[in-house]
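Next up: some structures, all given as structure tokens.
After this come two complexes, each holding chain A, first together with chain B and then together with chain C.
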Partner chain A sequence: MKVKCYIQGMAAISPQQTFEGDITTAPFVQSDSNRLVCIEPDYKPYIPANSLRRMTRVLRMGLATALKCLSGSGVSTPGPIVTGTGKGSLQDTEKFIKEIEQYKETALNPTPFIQSTYNSVNGLIALQQNGTDYNNTFVHRGFSFENALVDSLMLLQEGATHTLTGSFEEMTPEHFYIKSRIGQWREQPVGNTHLFDASLPGTISGEGSAFFVLAAAPTPESKAAVTGIKLLYKPSLERLSAVLQELGADADLIISGANGDSNYSHYYELANQVLAAPTIPFKHLCGEYDTAGSFALWLAASLLHAGNIPADWFPMVKELPADFKKVVIYNHFFGEQHTVMVVERVSS
Partner chain B sequence: MAERVFITGMGMVTAIGDNVAGNLQRLRQQKSGLGFTDYIDTIYKQILPVGEVKLDNTTLFRMAGIPVRAGFSRTTLLGLVAMREALQQAGISNLQEEPTGFINASTVGGMCDTEKVYFDLINPDKSGAFIESIHTLDCADCTQRIADTVGFTEHIATISTACSSSANALMFGARMIKAGMYQRMVCGGTEALTRFTLNGFNSLKNVDKQFCRPFDQQRTGLNLGEGAAYLVLESESFAKANNSTILAEFTGYCNANEAFHPTSPSPEGDGAYAAMKNALAMSGRTLEEVQYINVHGTATLNNDISEGRALERMFGTAVPPFSSTKPFTGHTLAAAGAIEAIYAVLAIRNGIIFPNLNFSERMEELQISPVTELQEEVIINNVISNSFGFGGNNASLVISKYEG
Partner chain C sequence: MEELKQKLKEQIIEALNLQDTKPADIDDNAALFGDGLGLDSIDSLELMVLLERQYGIKVEDPREGRKILQSVQSMAEFIQSKQPA
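Our next item is the complex of A and B:
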């Protein structure tokens, strides 16, 4: 498969001011909590009020992000819609489980069941944008968004002019508690400002939605190009090292998924050894979640498009590179799904 | 020129059989697997029929060839049973000999087990072995446990597009082969009955208290089912070099969204029509060359009108023999596309058309009726298999006789 596509537009809702703000001027949003929460926009410009009332949080986030992405991309139809989500609408899943119990399986409202279906955001985007093309949803932890990206690259190779490719994820207080029971989060509040001060078991949780319009051919509006992607399932250190060398040897900026979790930090340490380029983290901005890779792609493309790195967002990095053309993202999700993406500047 | 994609192995477990041969036998006997549940804790135990696999989890562990242990949900176990058969039938004893991807499909992951312990999981006062079930909350859990048990180490993915999930898994795998990423992929889906899903569909008022009656005027809804099915897909060049037994060719597919309503299909079947039309065009076959259609045919009021109209729009007065096999298996959601793809292969290889059970009265909206008797010694070269789902997700597959 030929890996080359152009990011024609993008949008992100995250715990940072990414939806409205400009990366070069928006301040770094600090948090003392181990659960980073999205800054949600006013949805009214994107979603009619009567629809909005029925929709739960991650549906709103996903739909609004997709619509903003489309509106800034100069395309009239969404084309194929391909997404990834690790958990879908947790809020609806939790609600329906509880209502089954509470109402003893009788007179149930079907809405939470419908909205808990993993492809419900895709269906809403298609419905609102009359998107009758290909439509697919990947639900595989740290491979969810990246599989959507692979699917999109294949669609472009098969002849699609563009795709709408994205992710959506939420973390509920209840699910945060559940995952705390297996030690996914830090025991003591560390927040995002001190995430990398010490390497200890656990990290901080996050959430977000990011969408991209990807095109087969560049235009003057192209923000960046995706030129490489590799998914590695539970790789050996040798295999990981070889792939990082293959894709990242000539990179001039590395975006690392490091999250301060000592249980799995050896992979990021290996990446630091293998890759010579300066490295910046991103999990202090968005937290850890299944589709955090999509935030990293948004970040890489935003930095390449802006041409510089806002120092305010990376207080832990002493020296930021002034010039960079090729960015390599390396991320993994609790040591299982490892992904490498290559993002390059589009010369205009 | 993209490679042709062949089906070289199949494995399955459903309410009508623990393997492919068992399913074929029950289809021939015209004997449904619908009945009442032994394993779900629900007030509808004796009210809503389901297509349950009558094997308890201990038996499934044994059939999957692994010791009983925590964390393996029924979804995973059903998947493993089907996977073992698919690999064995394809003659694959070591997945490391040829890089092989695995594309799985699931609608609610391990919910069948999660829902039993969920209130303990969220209760700080409770602790115990149920903690092992935490990971079964998502859809990737079953995929990875199946992958790790049988030895997949390459590309893995899980797809969830409601009732079309495993049709999309097959499509994604075939496209990866055509894109040259892999020579061999194993694709399909697994689904276990859950109280969550049963109540979900029941709250939508589309579950029938009787055995479901697809395409019948008196139909009132679907029956849920469970099961798993996987197909081994190989590129032509690999299958030939490997001397694989080629069971059928996967000649066409299409995924199209209807953009009509979150849960209902359009009355004119726009999405179904687009999916079938484009899939057939891709296969290079004509309308006349389709000898059988395994319809989605859930027996919900809306699906059967929509799908029936799409058939009439596409084929006019010459709609080929069609039937829904859901009265045999129940609607197995994420597994349905792969289960019915295997039925398509069985139809082609055995020259049989399966009857649409429980049909007695043609729908007033349609001019067509399904096949109601088992037809044998039929020449079947091309089958269309439909899977349509929530969110307007429509998928059609074309499976063809292998002719060299």
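Our next item is the complex of A and C:
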């Protein structure tokens, strides 16, 4: 399979000021909480008021990110829409389940039920943009976004000129509490400023939405190119080491999913040993969530396009590389789904 | 009847999250769907749920529902007709 596509447009909503897309001037948004929450834009310029009133948070985030991405790419019709989400609309799911109990399985509101399905965002994008092409949502925990990306690559190989590929994820207070019971989060508040001060069990939670218009052929407007991807389920350290060497041996920059969680830090320590290039983390910017890899891809492409790394965003890194052309993203989701993505600068 | 219509308007606004609409903006006889308040088919299902939850009335026949949900006036008349004398 040919593994190459070009990022023609991209947009992200995250706990950082990413929606306007200028990574070089946006400050690092600090938080004292172990639950990083997205900075949401004004949705009214993107979504009609009559539709907006019915949508919960993640639907607004996903739809607005997709529309912003399309508008910045010069593509008017989205073509195939391929997304990934680990949890979909948690807010709608929680509301629907609570009402089943509260109203004894009768008189249930249709809206939370409809919107709790994982492919709601895709449907909304297609409805608003009159898209009638291929439309698919992958729900595979820590592989969700990366499977959407692999599917997009295959669609491009089969002849699609471009795809709209993305992810969306939200964290609710209730779900945060549930996951805290199984030790996913730090017991003491560390926020994103002290995440890497010590390696202890647990990390900080996050959420976000990122979309990309991917094309089979480059144009002068191409932001970056995705040139490699590998998905590994619970790999042995030997297998992981071999894949990292295969894809990242000549990388100039590593974007690491390290999240300060001592339960799974040995994988990232291995990556540091195997890969010689300078490493920057990204989970202090977006937190941990199923589709955090999409934020990492947005970050990699943004850095490659800008040509420099804003030092303000990476206070824990003493020396940032001045020049980089090939970026390797290594991430895993609580030790189970491991992903490696290669992103390269497009030569003009 | 007036009290019921006022309450119904407040409940419709809350159930459908009509953020920029006030009860006074809804005319008793204006159409809820189409040109009037601009509601759609999902809203009609939400209004059916409202009738069931708030007033204990279950509308079984969809054709009957179309007449009931024409306006606040028709909804109020229907509710009143179902309430014990």
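Here is the rule we go by: the second predicted complex is superposed on the first by the 347 of 348 C-alpha atoms of A that agree within 3 Å, B and C clash if a C-alpha of one lies under 4 Å from a C-alpha of the other, contacts with A are read in each partner's own complex, and residues count from 1 in each chain.
In the analysis below, a residue touches a chain if its C-beta (ideal position, glycine included) is under 8 Å from a C-beta of that chain, and two chains touch if they have at least 3 such contacts.
What you see is a predicted model, and the numbers here were worked out from it, not measured in a lab.
> Contacts for A:Thr165 in the overlay, against chain B (first) and chain C (second): which applies, first, second, both or neither?
In the superposition, A:Thr165 touches no partner, neither chain B nor chain C.
> Please indicate which partner A:Arg181 is in contact with in the superposed arrangement: first for chain B, second for chain C, both, or neither.
First partner only, chain B.
> Which partner does A:Ser89 reach: the first (chain B), the second (chain C), both, or neither?
After superposing on A, A:Ser89 lies clear of both chain B and chain C.
> Classify the contacts of A:Asn50 with the two partner chains as first (chain B alone), second (chain C alone), both, or neither.
Second partner only.
> For A:Phe138, decide between first (touching chain B), second (touching chain C), both and neither.
first
> Please name the chain, chain B or chain C, that touches the greater number of residues in chain A.
Partner touching more chain A residues in the overlay: B.
> Of the two partner chains, chain B (first) and chain C (second), which one does A:Asn109 touch, if any: first, second, both, or neither?
In the superposed model, A:Asn109 contacts both chain B and chain C.
> Quick check for you: in the superposed arrangement, does A:Asn122 touch first (chain B), second (chain C), both or neither?
Only chain B is touched by A:Asn122; chain C is not.
> Per the definitions at the top, what is the overlap between the chain A residues touching chain B and those touching chain C?
106, 108-110, 114
> What residues on chain A touch chain B, complex-wise?
Per the touch definition, chain A meets chain B at residues 1, 81, 86-88, 96-97, 100-101, 104-106, 108-110, 113-114, 116-120, 122-124, 126-127, 129-141, 143, 147, 151, 154, 157-158, 174, 177-179, 181-182, 231, 233-234, 336.
> Can you check the complex and tell me which residues of chain A touch chain C?
It comes out as residues 49-50, 53-54, 103, 106-111, 114.
> What residues of chain C sit close enough to touch chain A in their complex?
Chain C reaches chain A through residues 16-20, 38, 42, 45-46, 49, 52-53.
> Of all residues in chain B, which touch chain A in the complex?
42-44, 106-107, 115, 118-119, 121-122, 124, 131, 134, 137-140, 143-144, 147-148, 152-162, 168, 172, 175-176, 179-181, 195-196, 199-200, 202-204, 255-263, 270-271, 274, 389-393
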